[in-house]
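A, B and C are the chain letters, set down in written order, and residue numbers restart from 1 in every chain.
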Amino acid sequence: MVAVKETTERVADIAGEKYKYGFVTDIEMERAPKGLSEDTVRYISAKKNEPEWMLEWRLEAFRRWQQMTEPKWARVHYPPIDYQNAYYYAAPKSNAERPKSLDEIDPKILETYKKLGIPLSEQMLLAGVAVDAVFDSVSVATTFKAKLTEVGVIFCPISEAIRDYPDLVKKYLGTVVPVTDNFFATLNSAVFSDGTFVYVPKGVRCPMELSTYFRINASETGQFERTLIIADEGSFVSYLEGCTAPKRDENQLHAAVVELVTLEKAEIKYSTVQNWYPGDENGLGGIFNFVTKRGDCRGRGSKISWTQVETGSAITWKYPSCILRGDDTVGEFYSIAITNNYQQADTGTKMIHLGKNTRSRIVSKGISAGRAQNTYRGLVSVHPRADNARNHTQCDSLLIGSHCGAHTVPYIESRNPSAKLEHEATTSKISDDQLFYCLARGIPQEEAVALIVNGFCRDVLQQLPMEFAVEAQKLVGISLEGSVG
Amino acid sequence: MTALALKLNPSADLFQEDFAANSGDLPGAGLAWLDERREKAMDAYVMTGVPNRRVEAWKFTDLASELEDRLESTAAGSAPYIDEKVFGVAEGARVVLVNGILWDVTQAEGLEIVDLGKIDAKTPDWVCANLGLLASGPDQPMGAASLALMRSGVAVRVKASGVLNLDFVNPPLARDAVSHTRILIVVEQGASLKLLQSHSGAGTHQSFANIGIEFVLKAGAQLEHVVLQAEAATAIHVASIGAVVARDAQYRALYAATGARLSRLDVNIHLDGPGAHASINNVAVPGYGIADTTTVMDHAKPHTTSRQLFKSVVGGRGRSVSQGRVLVREGAVKSDSHQLFKALLMSPRAEADAKPELEIFADDVVCGHGTAIGALDEDALFYLRARGIPEAEARGLLVRAFLEDAISGIAGEAVHDALWRKLDVALAAFDGAET
Amino acid sequence: MSMLEIDDLHVVVDGKEILKGITLSIPAGEVHAVMGPNGSGKATLSYTLAGRAGYEVTRGRILYRGEDLTALKPEERAAKGMFLALQYPVEIPGVVTLNFLKTALNAQRRARGEPEVDALRTLKLVREKATALKIGEDMLKRPLNAGFSGGEKKRLEILQMALFEPKLAILDETDSGLDIDALKLVADGVNMLRAPDRAMLVITHYQRLLSHIVPDRVHVLAKGRIVKSGGADLALELEQRGYEQVAAA
């Protein structure tokens, strides 16, 4: 078919610039010595001027990690990771003394974020969005801090929180994701270098979107950020994270931990647009993304909602979960996972119903193209005490092309007769009729695919904050370029 | 196997030991082809041993912890039994196995029946060509053990059409015991078989029936398979079924489970040619034990279809496990598969676990699954009571209606009624069970 | 000038020849009808004109405003001013109708080198056209054709025709599944779009649509060939005497 050939060629033409975040910032870096040992952990802790208790916490994690083995149950295949052949700390030298104001930030870093579409000067920022910018191992800027302080919201790098709000950190850190939760979370506990800390006080509705922008820049370096968000009684916060990395032939490890806590009647809305470098069309390079995200609805009537758009990374291993501990709590998981070329994603959620009248909703849209493998893996578990628990799960997969795979692995466990759990899943391809209808209306093939896939994802896209929904829609189209022939 | 693994899994060495000590005395020992298949099966079994929860496919059913440490092998003619024609179907051939050992065969025209307990060099070629090739790999470890340690069983060939009653009768044992039994059924091209299989038993000792079943359905063949498992409350029942369904052949099954402390149906269906179809209806009413049905539906070729409908009603401290993995291989386009798992929990201690899994490697397919777990519909219950039907009766009506749509439409009235007789007994026992 | 010129068109679908030499010419400003029984090749003709994959032209050619279409993709044909109203408009879950209209409109404009129109302007354009077809805002906000009634789907097809202002419109069984009120509404919409620089090809099984959209010429399609052509009264004759008799005559 002529059309196929042309499409393929056009895609080949643009493949070079397809991942527009693939550039490298040339900046002088300070790194920990290569490899991982107790000394690495001490080095990181010292760099952060951490109190003794934090160092001990890390060292304990490191000792436990040495006893653990990498989990193998996910449907992802990758060469063994050599944990000694990577850097665990890399920071721009210019950041040694953390800049007090935006004017003091290295212009190269400002330029980097500008190129990524995240200008850090407050005037240029999207109104109503505060940003914490994490560059490799350190936070380089946090905007709108003053405005947030007025209402009592703490929004700062976690390294700063450990020094300035030790009681809050001690009270909550590691209580949702225990230090020994899993191999990657334990590794993170030992070597996490920065990340975001948010505390929203009682009754406060956070006046703006909070967001963290993660950038991996340095080569041979892993990024291990740690995020802790606490929504005190009756408060609300919407938080968004974005991620990009340069194009490289090597695989870089990203092992983050995110912990969310909601107290009575509080709500956290957590959105992710993950666009780490996915590797090239032959599967070379790309980020290994092993992430542990969990929220604990501790207080009665509280709510945690996860929305994720996962388009990047060579490997995605990620299950943002909700522990519905308090009575009348609500957990939500809305996910779009797109894999193309040789990407592999194994992602989903866990909804653990412990309290009475707890409700959860799962909407997962998996799209697989090229030679990619895309797996939804989820657990819905209702414990005996969880009277009247409700879950609804909708899990749809779309296959584009005949060499990819789409898999659905739900675990559904009910131990309470008054609970009601419903799960539905479908697998299909883009229908020829839909595609032809769009073509006959003058919409070119790739645009038609993007349009149909965006329609397929609509239930999830609608959950994103307005500012990011448009970007996410574009990303859906870009991620699938070259997938239809 | 390391010492550590043995310690975690004491039963594993039970079967290994049995094999090491007795393989020379098993039926057909010395036949090179059979020795080889038994050894291969033992190797497959050893990869997991008796499965515990760490084996992903057995995540919800810990067989290792339920099995007694010491199980003797059942002996031929070890106990008398009451002859009950469970399905009330008089026609066709009949095979009776007592505690897993072949006891009696009533031949019928069109069926060729071979005693696997007396397998030797004179055994027909079609048995050698097929026995032990299915339900014997590492994915069905207990099936593998049943082949490696096979003490008895039958092989049946169907050339035209026929009915076979296959009754497993388990009278009380004097001590805890295990039987390893194999069934091989070959349905030749265009032939058809109605297979009515029952398991009944009594007694206070643990009887572990470990059964491996192979179905070879040649092109255009049809097999209608009804299983009624109504074992004693102390019984452990594991049946591993392996089927190859060739082009345009059909496997249609109804599995019903009412008894056993732990039952596991481990089913692996290979849809091996265009037009091949499998449908499985599964009905389980555990009131105290674990009723586990786990299927793998392998769409290996284009234009294959499968339907699965599982209905569980769980009472007392019972637990139902419904697992179904649908695999559509690369190139198996136009595969069409659907599975629906539904469970009703009737008591505060009841539990239902489900894992419907899709593994799709072809784009032009229609695959889906649904799961619903909950209590009886209160609105429906109210409606019936408002029309004057007492609560208990209304519940009974709704439960029967819930199960009926998985039971109707297969094997005729006599079988339908026989199934309901057993199900009603099991459901009635819910009320007496701890709630 | 001839808007559409079909010359000895042979089309093969799934290895089977469905159209066996069709010759047809539609001048600008005229409405032609192609009538035929089930299996005569009506749907094949409309899909072939729109360029759907799998409809292979083995002989002959299609000239649209003098240009050979055979090698053009469906979206290129649309951008050049061809429009096909489908017998069964497709449901696309999650794609909001208004967004779809904007995407299609701008894709066509872009292909023609014209500036794109923004969301607000699109909305205004759509509103103007929608009122006449009794298409409300709520319908535009719903996903494309999803849950629409038969009449709604067909009205939306005509709305698209009005919006894209094609030079050649092909209406494939536009009357199927419509009650008389809906049929009138759709026919009125079509008649409003009749213009000296526009041609239409109405493909239908039944005569009833043609009493509302009166054609300049009627062609009878049977077994992949045009067996008879005539004026508007040919449609009535077909209705009265049946396809077999007319085709035999």
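In this section, a residue touches a chain if its C-beta (ideal position, glycine included) is under 8 Å from a C-beta of that chain, and two chains touch if they have at least 3 such contacts.
Quick caveat: nothing in here was measured; it's all calculated off a predicted structure.
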{"item": "Graph class of chain-chain contacts, one of line, ring, star, complete, other", "value": "line"}
{"item": "Taking each chain's C-alpha mean as its centre, the one farthest from subunit B", "value": "C"}
{"item": "Chain nearest the overall Cα centroid", "value": "A"}
{"item": "Computed distance of Cα centres, subunit B from subunit A, in Å", "value": "43"}
{"item": "Distance from subunit C to subunit A - Cα centre to Cα centre, in angstrom", "value": "47"}
{"item": "Centroid distance [mean C-alpha coordinates] between subunit C and subunit B, Å", "value": "57"}
{"item": "Residue numbers on subunit A that touch subunit C, as the complex places them", "value": "1-3, 431-434, 436-445, 447-448, 451-452, 454-459"}
{"item": "Residue ranges of subunit A touching subunit B (in the complex, touch as defined)", "value": "73, 384, 397, 399-429"}
{"item": "Sites on subunit C touched by subunit A in the complex", "value": "50-53, 71, 73-75, 77-79, 84, 86, 89-96, 100, 103-104, 107-108, 111, 143-144, 160, 164"}
{"item": "Of subunit B, residues touching subunit A in the complex", "value": "56, 59-60, 330-331, 333, 343, 345-375"}
